[in-house]
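Working notes, beginning with the structure itself.
When the chains are written out, they are named A, B, C and D in that same order, and each has its own residue count from 1.
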Amino acid sequence: MRHPMRLDFTSDNITGACPEILAALARANEGAVGSYGSDPYTTALERLAEAIFEHPVTILPVATGTAANALALSALAGPFEAIYCQAAAHVITDECGAPEFYTAGAKLIGLPSRDGRLQPEQIAEAVAFARSMGIHHVRPAVACVSQATEWGTIYAPDALAALAAQAHGLGLKVHMDGARFANAVARLGCTPAEASWRAGVDILSLGATKNGALAAEAVVAFDASLAEQLAYRRKRGGHLWSKMRFLSAQLSAYWTDDLWLRNARHSNAMADRLAAGLASIPGARFVQPVEANELFIVLPEAVTARLREKGFRFYDWPSPQGESAAVVRLVTSYDMSASDVDGFLAAASGA
Amino acid sequence: MRHPMRLDFTSDNITGACPEILAALARANEGAVGSYGSDPYTTALERLAEAIFEHPVTILPVATGTAANALALSALAGPFEAIYCQAAAHVITDECGAPEFYTAGAKLIGLPSRDGRLQPEQIAEAVAFARSMGIHHVRPAVACVSQATEWGTIYAPDALAALAAQAHGLGLKVHMDGARFANAVARLGCTPAEASWRAGVDILSLGATKNGALAAEAVVAFDASLAEQLAYRRKRGGHLWSKMRFLSAQLSAYWTDDLWLRNARHSNAMADRLAAGLASIPGARFVQPVEANELFIVLPEAVTARLREKGFRFYDWPSPQGESAAVVRLVTSYDMSASDVDGFLAAASGA
Amino acid sequence: MRHPMRLDFTSDNITGACPEILAALARANEGAVGSYGSDPYTTALERLAEAIFEHPVTILPVATGTAANALALSALAGPFEAIYCQAAAHVITDECGAPEFYTAGAKLIGLPSRDGRLQPEQIAEAVAFARSMGIHHVRPAVACVSQATEWGTIYAPDALAALAAQAHGLGLKVHMDGARFANAVARLGCTPAEASWRAGVDILSLGATKNGALAAEAVVAFDASLAEQLAYRRKRGGHLWSKMRFLSAQLSAYWTDDLWLRNARHSNAMADRLAAGLASIPGARFVQPVEANELFIVLPEAVTARLREKGFRFYDWPSPQGESAAVVRLVTSYDMSASDVDGFLAAASGA
Amino acid sequence: MRHPMRLDFTSDNITGACPEILAALARANEGAVGSYGSDPYTTALERLAEAIFEHPVTILPVATGTAANALALSALAGPFEAIYCQAAAHVITDECGAPEFYTAGAKLIGLPSRDGRLQPEQIAEAVAFARSMGIHHVRPAVACVSQATEWGTIYAPDALAALAAQAHGLGLKVHMDGARFANAVARLGCTPAEASWRAGVDILSLGATKNGALAAEAVVAFDASLAEQLAYRRKRGGHLWSKMRFLSAQLSAYWTDDLWLRNARHSNAMADRLAAGLASIPGARFVQPVEANELFIVLPEAVTARLREKGFRFYDWPSPQGESAAVVRLVTSYDMSASDVDGFLAAASGA
């Protein structure tokens, strides 16, 4: 059945689950199995995760990205320590202080950048300042990157490796908020390993919900020494499902037959299509390159008014550093069709 | 399709989801809807909850019972306060300190009782001690009851009302851990209102997962002044689903056509059948009355050995205060059949 | 006995206690008195505080400014809330996360300003942003000002009142970090009331240690509803002295016979003398007005080198927003003599 | 000057500071010295501590025993871990949840014993239970002993060593709350080393305030790996004095010329004198042996009434496990004279 034309471009979390995920849930519903992860679905996921990442990993499925980020950060940063992230990062702005909660009060320090990416020298400067302050300041502990970033941009593996090398050289650990990790990997055409531990990521928050799952994310730790504390912290946070099979089955389906990459490639392609169409609108100006499935663009007021009049929804967005124009954010998703995009473009151009 | 004979009597969380819940998930998957609870499924649930409880309520669906308990307690107890519960309660023993985490360090004080129920005078004594200590001790804030209790017993509405009256009279709030609230209501034959706010409960953790949901519990607050902080706390805990419709749809289905009570009645009936059968085994002795879907029983060693040899699984359990014999716990569930029970009984009796 | 020439201009906390404070400690040492504040010295202090502030107050003596700030903020901001302060404020930069610790993870949000003072419109913008984000962002709760500021500047009572009115109008409370409250009051020539609650301050961290005490600061709450929780929080933080008389006696002496203002006036006068002398050095340039007892100044490299060669000590300081030159900070104190200052000036001028 | 007859037997914290401590404060007041511990008084204390304990130590002076306990425990127990202590211990009952605060929610589990001492097998049982529960329960981390105990009894070095060996064998660390460490060492006649690290103590909270200091306690860590985090945690807790010399000078004086042991021996001797006198009162019955400077005794009602009528003050005390009689606690102190004791005895006997 064809869905009605998509009018909502606010986010990729307005979508439902894709059929493969729902089917996996139904299959996992057979019979009684052990609770809290002592089930064959979870065991299978653990093996699959190691195959996907070509590395021993500890994987802890949870239901939300905020939980994954907060748990991952709490395993790396003590209460008197500092986590460095980009100033607009989700962890510092959009999670109601969850990282502070889970770390018992670690300080997130936002470093400004125009495109959402952190630079190695920013880490170096911040750490130098902290060390000059000694015990009067929080102790440097973590560099946190978002992939894709809050501005829809992507770290190439070598840029990521340079950042991670700087961080590690200073004794910090590296966390990646991979809420849109699939979009990044799909765009980069690299392996999951190249986009994570090979570039120096110590722990990854892997997103699946925005890209087709019902509710499934995971903490993926590449450092085995974090496994035990993460298991306790997940339970303590209320994120250990008794019927864990239903989280594990989603993630296994997500990684089976490249579902995750197929979904992400489609979402990225829709972003490209939308970008190409909007580029031809007089007065339109992109404030960030389109690298994943988000567009940040200045549109003439008449255009945004017309779109909203026709029922399209999207967010006004704070300008990046140095921009003063009115920016809107448009997000495409795995289940958006080319005709959805074309409908938006037609409305935008006044057709 | 008939499932294979159930050998696992360890818990009611080894079960899958019941068909009505899965169907509701599939229905909720249609189209794009607002995220984080701005969706029609959540709105419908909120209305349904008020009908079920015959009272204005704030309902916050979450995925686990630990999350529901910890969030509810954090809305009632500040970091320098005391929460009184029965000494074997789930919140104090089985949640890895989640209540301490969410309350930022409130102290859970376990009060002993043989049958899992708290008595009003226990609250009075504990509060009197705390008040005699002043600021040197944590300040009394909450009385926390489990319904059904950790020992499978149930508070009758009048017993609950007496306890709550004592607590309220001392300035405390009352939280109910209702992981098995359905089993209690089904057994009592009362209304949800009578088993909660009419008896003095200020906030309820409502369980559904053990009784047929995939993963769905809820914080149900009868005091509207708690609504805003609960919303922030849920987000901050990482328990706000972006695709909230999938939690809300489970709970709405749970409450539709008495599904929750039908499941609970069946589970209770299976417990009664099991109890009736075991009562006739020479040497068997119940250490608690069977009031919900859990049995705590001393069985001759030859019986437990035979059962385990045949593949049956169940937990040894610490004896209640004053018992020295080897106790086992048996749990029935909503999807267990009479023949499952009879299979257990046959094995127990050596048939 | 004349002390040796002061070479150390790094801070006002390198000083000892003034004779009046030491004498008060000796007097308070007589006999056995009640512990934990049940003593006549504490009762006397409580009365004196109300006379000084011309208002009912709750006063809780503690030994450090970090404790006073963190306790005060924890009484105003819940764990999911925001505290707005100037970007260089002591609470956000120099207290190792103590406010995050005591608030269980509230977020301190630093707002930039050239001179260390916050402006009302900064509060308004930050709150508007937070409210647009709803539960995804921390909830606005507190505006925190430093008097004097981290840049040695002072809020005039009307500027403070305008800021507090903005904050209160938005539902926020106002905290003042008064580590150098005495220097500000002495300079302004206003009453303590005018510099605090009359201008809208809800709670004050009052410093005394830098200005002549051995170790004594206080939380001063003008809102009686905060009293009980503050008492519990102080105990819980480990800041309730058993021999409380020794904190109370210091503060009473501090406020007796204008000792606090005499000390602060002297310290301010020494800053003026130092500033006047340095102003005549070719190439010297003040990056902040000298309003309390701190100077922030660009000095020629030859001058700073000469000073350090002669044994003088002072800190290099990060430039305020927009400055690129090498700034040094010089701090005068209550026990510094005119000849100490003249010695510095002579060395600076190469004499 | 002779002080008036002591009527207050409630506690040893009603006392002032002894002359040697006050003199040390006055001496430390000379001139400007580095702040936050960069001063010669603190350096001297660090050397003296190593001489006293015959071991490399990290010593962090703080002003209260609650701070010392909470900081020490926070260095050993993570937020999802368990601290085992005696059921009536100060840390679990009298510190308003400070250990939970500093550990970010670790759980203190009180183990009952009649005399205030923990037994090795209690630790073993509690850990076995925790391990059987896995991640659902807090992870065992610390055994915490009080020396002297809350019941005024003392661990002999070999009993302490047996307990510590049990704890260490199970992977736990050992913390000693040494609020009355001096009384214990004085009574045992052993060295500080024998009463601490040689018996297996990993970290000690050393009390001095009750035994003659103005306000001075210390965290003494025998494990150098704890040093850095303790320094950050002390600052973050607001317990790092800017004028640290005034804490360090107290502790150095405390350890100089055996002041601490002289004071403690005197206090213990007064307890013995009081006990000997009370033993002859018909109907008097000690519920604990008198091993330090506290007496727990059942006295005829006529006796306690007479004492109170004459102005003597002392606390009624909850009976130890198994006692039902009305117990009172009497505490002697370093500055109590033989005639003070005799005055009490005369009043008790109706003389």
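The rule is simple: a contact is a pair of C-beta atoms (placed from the backbone, for glycine too) under 8 Å apart; a residue touches a chain by one contact, two chains touch by 3 or more.
Everything quoted here is computed from the prediction, not taken from an experiment.
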Chain whose average C-alpha position is farthest from chain D's own
A
Contact tally winner between C-D and B-C is C-D
Counting only Cα atoms for the centres, state how far chain A is from chain C in Å.
42
What's the distance between the Cα centroids of chain C and chain D, rounded to whole Å?
34
Cα centroid separation, chain B vs chain C, in Å, comes to 51
Shared-contact residues (touching 2 or more other chains) in chain A:
36, 79-80, 95-97, 101, 104-105, 135-136, 232, 235-236, 240
Quick check: in the complex, which residue numbers of chain B touch chain A?
3-4, 6, 8, 11, 13-17, 22, 25-26, 28-36, 62-71, 95-98, 101-102, 209-210, 214-215, 232, 235-243, 245-247
Looking at the complex, which residues from chain B come into contact with chain D?
79-80, 93-97, 100-101, 103-108, 129, 133, 135-138, 318
List the residues on chain C that touch chain B in their complex, please.
36, 78-80, 104-105, 135-136, 139, 229, 231-236, 240
